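Down below are the structures I want you to see.
Next come two complexes, and both contain subunit A; in the first it sits with subunit B, in the second with subunit C.
Coming up: the complex of A and B.
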C-alpha cells in the first residue's frame, strides 16, 4: 500500500476523535475567550463587547488575588504531601518484606480517595463543626481546649482546614502510583547498592528518587494542575467564606458568574486558570523529559 | 517532545474546559413574545415547573397538585423540577443562561424578579391576575403588587413570609425572662437564659444570608425608609446614613452576647441552629414563618410552647419601627413558553381555595397569599399570628440578598461574615458595600 494512502487511512482513523475534541474541547475554549471580552446580561441576553476590560478588572480585584494566593498555597502544600510525602511513604511500604502487609497498608492509604470529594467535604464539615464536631471535642479531651475554634468559620483557619482535608483525601492515590513506580525498578539495582554498603536512606535518595523521576514529574503536573482547578471541597465546606477568605479561582469564577451575574468576568477568570495550568503542564513536561533516566 | 507537548495541551485543555464551559451557554436574547395569557388553554403536552420545595416536608405538595391536575386533564403531563432554597439560585441562572427556563419557575421579589421581567423572561399576566380580575381578587393586594413592575403584573404569589424571633416559652419561664419589648431588653435577657442552661439565640451563618436577615430588619429600624429604599439601587445609593453603622454594631452585640459560638458562627449551618432550637437547647431562633411548623414538628417543642415576636426595636432608632422584614414568594411564567395559557391554568389550580388551605396547614405551613386560606382552623397558631402581623405591617422590608443588585448583596454577605469574625469593623463593612455599589452603577 502506498505511503500516502497509509497516511490518509491513518488520518481517517483519528478524524472522528479530532472532531469530538474540536467540538467539545477547543470550540468551548475559543468561545470562552470570546465571552471574556463581553459584558453579558444573561436575563436579556444582551452582549456588549468590552475588549480587555474584564482582564483589567482582574488586576484591581483583591478577591481574585486572594483566590490565586489560596490556589498557590494549595499547590505548595499538595506538593509537600502528595508528591514528597507520598513518595517517602510509598518507599517505606515497598521496603516492608511482607507482601501481605504491603497490600494491607496500600489499601488503608487508598481508601480515602475512593470517597468522592463532595462526600469527604461534608464529612470534614461535620468534623470541623465548632459545637458538635469531634475535632474540638478531641482537643478538649487532651487538654488542648484553647486550640478549639470554628475551623471553617474563621478567616485564618478556613483555607488551611480545607487543604488539610484534601491532603487526607488525595494522599493515598499518590502513594499508590509511587508504589507502582517503585515496583518497576529492577531489584538488582537495590541489591547492588546494598552490596556497596549503602543504607536505606542513601538508597532512597540515590536509587529510588532518580528512577521514579518520570512519575514524580507527572505527579507534580497533576498535583499543581489539580490545585488550580480545586472547586468541590471549597464549595461544600465554606462556599469561599468567611469574607471570601477561602475563595479559590474556581469558586470565585463560579461566584462571579452565578451569584454576581458577571459572566464575562467569570470567563476571564476561567481563561486565567487555563493559561496557568497549561503553562505548568508544558514546563513540567519539558523538565521531566530533559532529566529522564533510562535503564 | 513536540508531540508530547501537544498531547499535554490537549489533556490540559480537556480538564480546563470543565471549568471553562461553566461559563458557556446560550446568549441569544429571549425576546418575550406577546403571549396571550388569557387565551383558552390547550390541555395537552408537558408542562415543566421549577419549584423551591425539594425535600421534606414540602416536596409532596406540588407532587399532589400535579397528580390532581393530571387526573383532571389526562392529556397534560406535569414535569416537576424541585430544588432547595440554596440550589434553586444556581439552577435558575443556569437555565436562564442557556435559554432553558421551564414553563413556570420560582421567584423571590425585588431585584431577583425584576431581572427576569426586565430581560423579557416573564409573561405579562395583567389580564389574568391584575387586582381587578377574578383570579387577582383572590389574592391580597400587597402580595400581588410585590410582583408588579411599571403597572403590570407578572408574578403569581404563592405564599407570604416574614421573619420573627421564635422562642421557647418554658425556657423563658425557667430563666424568669419576659418577651423583650426593646432590642436592649433582648440583649439583657441573654445572660439569664444562659444561666438557665440555654443558648440564648441559636444562630448559624455558614451560608451568609442568616446574618443579612438580622441586618435588613435592623437597617429598617435604624435608617429612614426613603433613604433605605434609595440605597438599594446603585444609581441613587449613598449609603452614608449613620443608622447603618448603628445597626451593624447592634448585630455584632447580639452575636457576641447571645450566641454560644460567637465569632465562630460562620462555621455553623442555619439548619444546625434550627435543630438546636427545635431540640430545646436554645431559647430563641430568628426564623421565617415558613419554618414555624418545622420547629415544632419533631415533638420536642410543643406547639403550645412556641411563641413569636418581631425582632425588638432598638431605643431611639431613627428608622421605621413598624417595618417588618418579609416578602411573598411566588412564580413567574416563562414568556417564551408555548404553553402560557396552560401554565396560567395550572397556577390557578395550584392557588384555588382548597390547595391554598392545604399549603397553609401543617406539615407544609406555607401561609398562602390567597384570601381566607390562613385561619386558625387551617394553620398553626404561630403561622396564623405571623401572617396576621405581616398583613398588618404598614411596610415590608424584603430580603437583603434578593432585593438589591447581586454585587451589593454579595458585599453585604461578605461584610456580615467579616463583622461576625471581627475581621472588619462596622465602618469597614459599610465602606466595602459602598464600593461595591459604586462599581455596580
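Coming up: the complex of A and C.
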C-alpha cells in the first residue's frame, strides 16, 4: 500500500471525534454569528436580516447590563472564596499532622461538588425559604431575627444568595486541587524553612503561594470562565427574578430566545458570552506559553 | 517563654480545629437536612426545621418514585451509560490516532479537537435547537447522547492523549515486531495500559452526564425522556406544596453520585488534577 494511502487511512482514528466536534460544536458556533444578525421568530419561521440591530439593542438593554454585572459579581466573589479562600484552606488542611484527617476533611468539603447544581439549588431554595427554611430560624435563634427575610424574593438579596450557594457547592473542588498542588511541593523546602525559624504564616506566603502559582493561575481562569457561563443555579433558584434582578447572561439568553421568541437577540447574547470566554481562554494559553519560554 | 509559645500554639490549634470542623458542619448539615426532610410529613416540615422526623416512613420516597422519579432515573442511567461509552471510545481512538499513528495535518487536528474545550455550550444553543429540530431529534434521548458526547470529547481526548504521550515508544515497536496490526495493538496493548486514565475519564463523565442541566432542560423538557435534574424541577412544579416528596426525589438523585465519589475518589481527583494541571 502506498504511504499516502496508509496515512490517509490513519485519519479513520480521529474521524469520529473530528466529525462530532465539527458538526455539533464548531458549526453551531459559526452559525450563531449569522443568526445574531436576524430578526427571527422560530415558531412562525419568519427570518429577516437586520444587520447589527440586535447588538444595538443589547447596548440599550438595561437587563443585559444588569446580567453582565451579575456575572462580574459572580466572578469576583468566586475568586475571593474559591481561589484565595480555597488556597488558604488547602494550606491549613495540609498543615494538619494526621494524614487521615487531611483525607477526611478534603472528602467532606468535596461532597457538594458531586451532587448536581439542580439538587444543590433546590436545596438552598428551601433553606432560604422564609417559612420553612432553617436560615431565618437560625437568625431568630441567635437574636438576629431582624435580618430574616425572603432571601430569594427580594431584589437586593436574590443574587448574593445564589452566589453564596454556589460558593458552598464549589469551594471543595478548588480546595482539593490546591491540596494536590501543595502535596507536590518537595517536603525539604518546608523543612528548610522551618529550620530557619520561619513561622507558618511566612511559610505560607514565601513558600506555598509562589510554588502553587501555576495552579492559582489556572484556577483563576477556570473560575472566571465558569462565572460567565452560569445558568443552572440561577434557573433553578429564581429563574432570573425578582424583576430580572438575578438575571445572568446565560438565563437572559434563554429567556430572550425560548420565552420571548427573539432568537436573533439570544444569538447576540451568545456571541457576547463567546467573546468573553474566548478572551479568557486565549489569555490562559498566552500565560501558559510565556511560562514555558521563561523556564 | 517556651511554655508561653506552647500555650499560644494550643490556642491557635483549637481555633484551627473549630474552624475546620465548623466548615465541615456547614457543608454536611444542608445535605443531612435534605435526607431527613424526605422522612417528614408536610406539617412537620413547616414546623421546627431542625427537628428530627417523627416516624421514619419511606412513604415520601415511595411517592416520589411512583410520581416519575423511576422514569427520570431510568433515562438518566441510559443517557449516562451510553454517552460515557461513546465519549470514552471516540476519545481513546482519537488520542491513539494523534499520539501513535502518523496522520496528515495532525497538528491542526489536535488543535481542532482540543480547542473545543474552550467553547461554552450556551453559545451553540440556538443553532443546535434548530439543527435537532430539522433532524427530528429534538425532545429525544438521541439529542442528549449526541450532545454529551460531542461536548465532552475534547476534554476526554485531552486527558487520554496526555497519558498516551507518556507511554514508552518501545511498546509500539514490540507490538509491531510481533506482527500486530494497528487495531490489535490498540485494543490489546495500548488501551489496557491506559486503564487508570480511562477509569478517571469514565467517572468524570458520569458526574457530568448525571448532573447536566442546560442541554437536558432545552432538549428534553416537553416529553417522557427527562433526566433527573429536569425531572426534579417538574416534580417541584407539579406537586405544589408536597415538599417532602421533592426532598425524597432530590435525595434519590444525589445518592448515586455521592457513592460514586466515595468509591472512586482516587481516580476522580487524579483526573481533575491532570485535567487542569497539564
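In this text, the second predicted complex is superposed on the first by the 265 of 295 C-alpha atoms of A that agree within 3 Å, B and C clash if a C-alpha of one lies under 4 Å from a C-alpha of the other, contacts with A are read in each partner's own complex, and residues count from 1 in each chain.
Here is the rule we use: a residue touches a chain if its C-beta (ideal position, glycine included) is under 8 Å from a C-beta of that chain, and two chains touch if they have at least 3 such contacts.
The structure presented is a predicted model; accordingly, all values stated were derived computationally and were not measured.
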Let me test your reading of the model: by the given contact rule, A:108 touches which partner, first (subunit B), second (subunit C), both or neither? second
Please indicate which partner A:178 is in contact with in the superposed arrangement: first for subunit B, second for subunit C, both, or neither. neither
Is A:278 touching anything from subunit B or subunit C once the two structures are fitted on A? First, second, both or neither. both
Please work out whether A:11 is in contact with subunit B alone, subunit C alone, both, or neither, and reply first, second, both or neither. second
Once the structures are superposed on A, label A:152 by its partner contacts, choosing first (subunit B), second (subunit C), both or neither. first
For A:232, using the defined touch cut-off, is the partner it touches subunit B, subunit C, both, or neither? Pick first, second, both or neither. second
Of the partners subunit B and subunit C, which touch A:260 in the superposed model: first, second, both, neither? first
For A:81, is the partner it touches subunit B (first), subunit C (second), both, or none of the two (neither)? neither
Of the two partners subunit B and subunit C, indicate the one touching more residues belonging to subunit A. C
Scan A:64 for contacts with subunit B and subunit C and give back first, second, both or neither. neither
Doubly contacted residues of subunit A, that is, touched by subunit B and again by subunit C: 21, 24-26, 28-29, 31-32, 35, 42, 131-132, 225, 229, 231, 250, 253-254, 257-258, 263, 266-267, 270-271, 273-274, 277-278, 281
In the complex, the residues of subunit B that touch subunit A are 1, 4-5, 8-24, 26-30, 89-90, 93-94, 96-97, 99, 115-116, 118-121, 205-208, 260-261, 263-268, 272, 276, 406-407, 410, 413-415, 417-418, 420-421, 423-424
Residue positions on subunit A within touch of subunit C in the complex are 7-8, 10-14, 16-18, 20-29, 31-32, 35, 42, 89, 92-93, 96, 105, 107-112, 114-119, 122-124, 126-127, 131-134, 137, 168, 172-173, 176-177, 180-181, 214-215, 218-219, 222, 225, 228-229, 231-232, 235-236, 249-250, 253-254, 257-258, 263, 266-267, 270-271, 273-274, 277-278, 281
If we count contacts the way the header does, which residues on subunit C are in touch with subunit A in the complex? 16, 19-20, 23-24, 26-28, 30-31, 33-34, 37, 45-46, 48-50, 90-91, 93-94, 96-98, 101-104, 109, 112-113, 116-131, 146-147, 149-151, 153-154, 157, 207, 210-214, 217-218, 228-230, 232-233, 236, 243, 246-247, 250, 253-254, 257-258, 260-262, 265, 269, 272-273, 276-277
Taking the touch rule as given, give the residues of subunit A at its contact with subunit B in the complex, in rising order. 21, 24-26, 28-29, 31-32, 35, 40-47, 128-132, 149-155, 221, 225, 229, 231, 238-239, 241-245, 250, 253-255, 257-263, 266-267, 270-271, 273-274, 277-278, 281-282, 285-286, 289
